[in-house]
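Letters are used for the chains, namely A, B, C and D, taken in the order the chains are written, and counting of residues starts over at 1 for each.
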């Protein structure tokens, strides 16, 4: 197991980062710090996914042969948008000569980032409201107030 | 199935997508509607269409068929697909039908509990929540599950927090739910990442095939299963992971509590079944171990400890919330048997419990609506003050206990039969014992309501003030359904068997 | 809000550039990194910068909160509506190929363009809405507590 | 090759340092800023891992929007986080250790990092690379997958972000006035408890007591509302 940990040290680091984020969520009592922990935890999971999709010696999954974004690559390769109509379907195999990284994890993580920020926004809005009604954003204080309320049945 | 003729051909294929996309789009529109009444009518129409569609899909799968809908026209492993089969159509129908009943109930209830200007966006958030739940049940793509899990979760957090205009604890409960829910979802995503590492695909059927080829796969798949189990366990309030549930149920607006209690955990349990039995398979040693020991063990622990905690609550909503934790235990016990009978029993209880808890929370919401009552001691005299609502509560409570001629009895009978067939006599004992605990916590509420006099205010006995008709109708529909199932359980049991057939399980 | 002359002048120059960059990111997303989501965030950032320099009330005059609310909905509807159009044309939800039956790949282009615009609108509006919501809340702590 | 590895190691070291600093620090301002740093360094690493679109988004969202939101929330809430006693950190530590070791246990069976022949890099993901040129005709495969092959996920994503906007609107209000309205039963309130809906510490502009007093009353059709405590509800 230990030799494997060193061979795949990318994954090892990513796991340590995930653990750290998760620890911040669980251990801190401050509502904002918890959300920071959650954010770190989620970002580390993104790192895991992107690491899965990395291909050694690969390139970003933007097909360079097909179309030149800046004009530098406009070599013998056909300009896809212009030449597409003439090239019969199935005739063009651009991927065989260039190695690309796996695009699927990238897509998944783009979605996950958005989900993460959505959760964060709701969490922070809740925090602000909690601060207004409880006067604190420390979990201990909030639990104490609620506990007293449950015991006495009245506020204050 | 002669009724299928009335269900258009187009909907048999496109219905699955329609049931999710329509509430999503209309939810977005609802959010900007100027009038709350208009928003309510829109919501009602949308969930009605969903219910009809879901019923049609249910009939299609009762005919033994399954439908694969290709989103964007791309073939499954490449694109996202929706899968309709015997396992998910009952849950889809349950979610949309419960959404319909809660919407009816919402007309008076939301007016009392939500700020006037916010009612239209509130209905928008509700529709998006419904669509999220439907989406995660109907999809055949593992990552799409996560996306729709979050769609439903995010709107649910907000809906729960809306209870703050009644009780500030709703905010703290929503926050706790958000943190635990997000951790659950992230665990699910981690599990999915490991699964993707092992199989290279995200389509659930495809993952299942790959794992069969690998005969369960390596430790990577094992860890993936662990993380997916914990992630979904958080969502379905599996015993030690249920901390978010009592607060969320107790302090959310009544409208939201009913819908949550009868659908959210059920959808998560469905996913647990889908992943444990069809994506992974009980023929893999590690899955069988987790299902047999973990699910059964935690299920029994939930039944006993959840019921015990329910007894010691001072708030009736919390009592029922802890009871929900216990009821999830019953379902897990059935699933843990992993036999055809056990799975049928677990699935039947999933459906029955939604009906029963829906009725009970409907009644609790009505008590608050008229008298602001949530605490147990305030139940005194409710039998006289709100006879019809209390009647529904009583019948629902009896069903929860498992008295013969109610849906709860059918569940427990099925579970006991399955346990005996599996050779688990002790499980029958646990079921009996927790039923007695249920008698205590439900009985206490019912006795207080009927055998104590109504309170006096300014020397005057509080008068009878029955809940409005729009609250009573959905409540009594569920009560009637619970008794109908108790008298003739064929329809539900058939659904359970259909699901068990898809799941397989050990023979 | 009279001080910070340099900030005001620089930001007046910058904000149009930021907005233009957002549209570059939006429409260049097919060829390079970028797309509706990133562009939406950048576009919202332009307005947020305006709010930070000239005050929230000024920003609300430029882009009223009611627009923002409608923008959120329109974004989702534009995305979903593209799917509904493909539905009405008799194909599956979001199968853009049906938009131009002769050249499915052209349909894909139009479809992607439409949905990315939807994402842009939704994201930019939501980001602004969230900023308005937080910014309008009165803090109980004063600046001196820092 | 070597410089890439050095870059990776450097970025990873920074991430670990930043993450550990977040655990230790108490000043919320520092924590929030470090969260932004963490996202930005992650974005740099994403570029090194060929995920340029992800890097762009993470930089804009994680380091930009998230940080701004957290600062805004902090401004409305608090500056310092209280330390948590050691005794309360053991439980979380155990949970995290269990989760971490479960993942470490899997490392031995994982395909090597960057392996082009791993199952993940062989199957569906690479099909997109091969087929995008024919089927969608755009060079950026990520955009093609995002908007077309898995366009439905992205629709869900748009709805998620919409739901978040709607949620913040419901919770805070666009003009900062949400949360003052109080729910009231549509009849006589019988309760042995006062509803703790109001602030614990009343705001200056608030009515002092009782806390359950509504700011504005909803329209009522039936009996006049009397809000009061009963004598405990028992008889």
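One rule holds for everything that comes next: a residue touches a chain if its C-beta (ideal position, glycine included) is under 8 Å from a C-beta of that chain, and two chains touch if they have at least 3 such contacts.
All values derive from a computational prediction rather than experimental measurement.
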*Report back the single chain whose CA centre is most distant from the CA centre of chain D.*
B
*Which chain pair shares more contacting C-beta pairs: C-D, or A-B?*
C-D
_As a quick test, compute the distance in whole Å between the mean CA positions of chain A and chain C._
21
_Can you work out the whole-Å distance between the CA centroids of chain A and chain B?_
29
*Any idea how many Å lie between the Cα centroids of chain B and chain D?*
25
*What residues in chain C touch two or more of the other chains?*
31-33, 37, 69, 72-73, 76, 80, 83, 93-94, 96, 105, 123, 130, 133-134, 137, 140
_Residues of chain A engaged with two or more neighbouring chains_ = 18, 22, 31, 35, 52, 60, 62, 67, 69, 84, 104-105, 108, 110-111, 114-115, 118-119, 121-122, 124-129, 131-134, 149, 153
*Send over the residues of chain D in touch with two or more other chains.*
52-53, 57, 61, 65, 69, 72-73, 76, 78, 99, 103, 105, 108, 110, 118, 120-121, 124-125, 128, 134, 137-140, 142, 146, 148, 150-157, 159-169, 171-172, 179, 192-193, 196-198, 203
*Classify the inter-chain contact topology: is it line, ring, star, complete, or other?*
complete
_For the chain A and chain D complex, residues of the former touching the latter_ = 1, 4-5, 7-8, 10-13, 15-24, 26-33, 35-37, 39-40, 43-44, 46-47, 50-64, 66-67, 69, 80-81, 84, 89-90, 92-95, 99-111, 113-122, 124-129, 131-138, 140, 145, 149, 153-156
*asked:* Taking the touch rule as given, give the residues of chain A at its contact with chain B in the complex, in rising order.
replied: 18, 22, 25, 31, 34-35, 38, 41-42, 45, 48-49, 52, 104-105, 108, 111-112, 115, 118-119, 122-123, 126-127, 129-130, 133-134, 142, 146, 149-150, 153
*Residue ranges of chain B in contact with chain D within the complex*: 24, 27-28, 31, 71-72, 74, 77-80, 108, 111-116, 118, 121-122, 124-125, 128, 131, 135, 141, 143-144, 147-148, 150-151, 154-155, 157-158, 161-162, 164-169, 190, 194, 196-202, 210, 218-220, 222-223, 226-227, 253, 368-375, 377-378, 380-381, 452-457, 462, 465
*asked:* Taking the touch rule as given, give the residues of chain C at its contact with chain D in the complex, in rising order.
replied: 25, 29-35, 37-38, 41-42, 44-45, 48, 65, 68-69, 72-73, 75-76, 79-80, 83, 93-94, 96, 104-105, 108-109, 111-112, 115-116, 118-119, 122-123, 125-127, 129-141, 145-146
_Complex interface listing, chain C residues touching chain B_ = 69-70, 72-73, 76-77, 80-81, 83-84, 87, 91-98
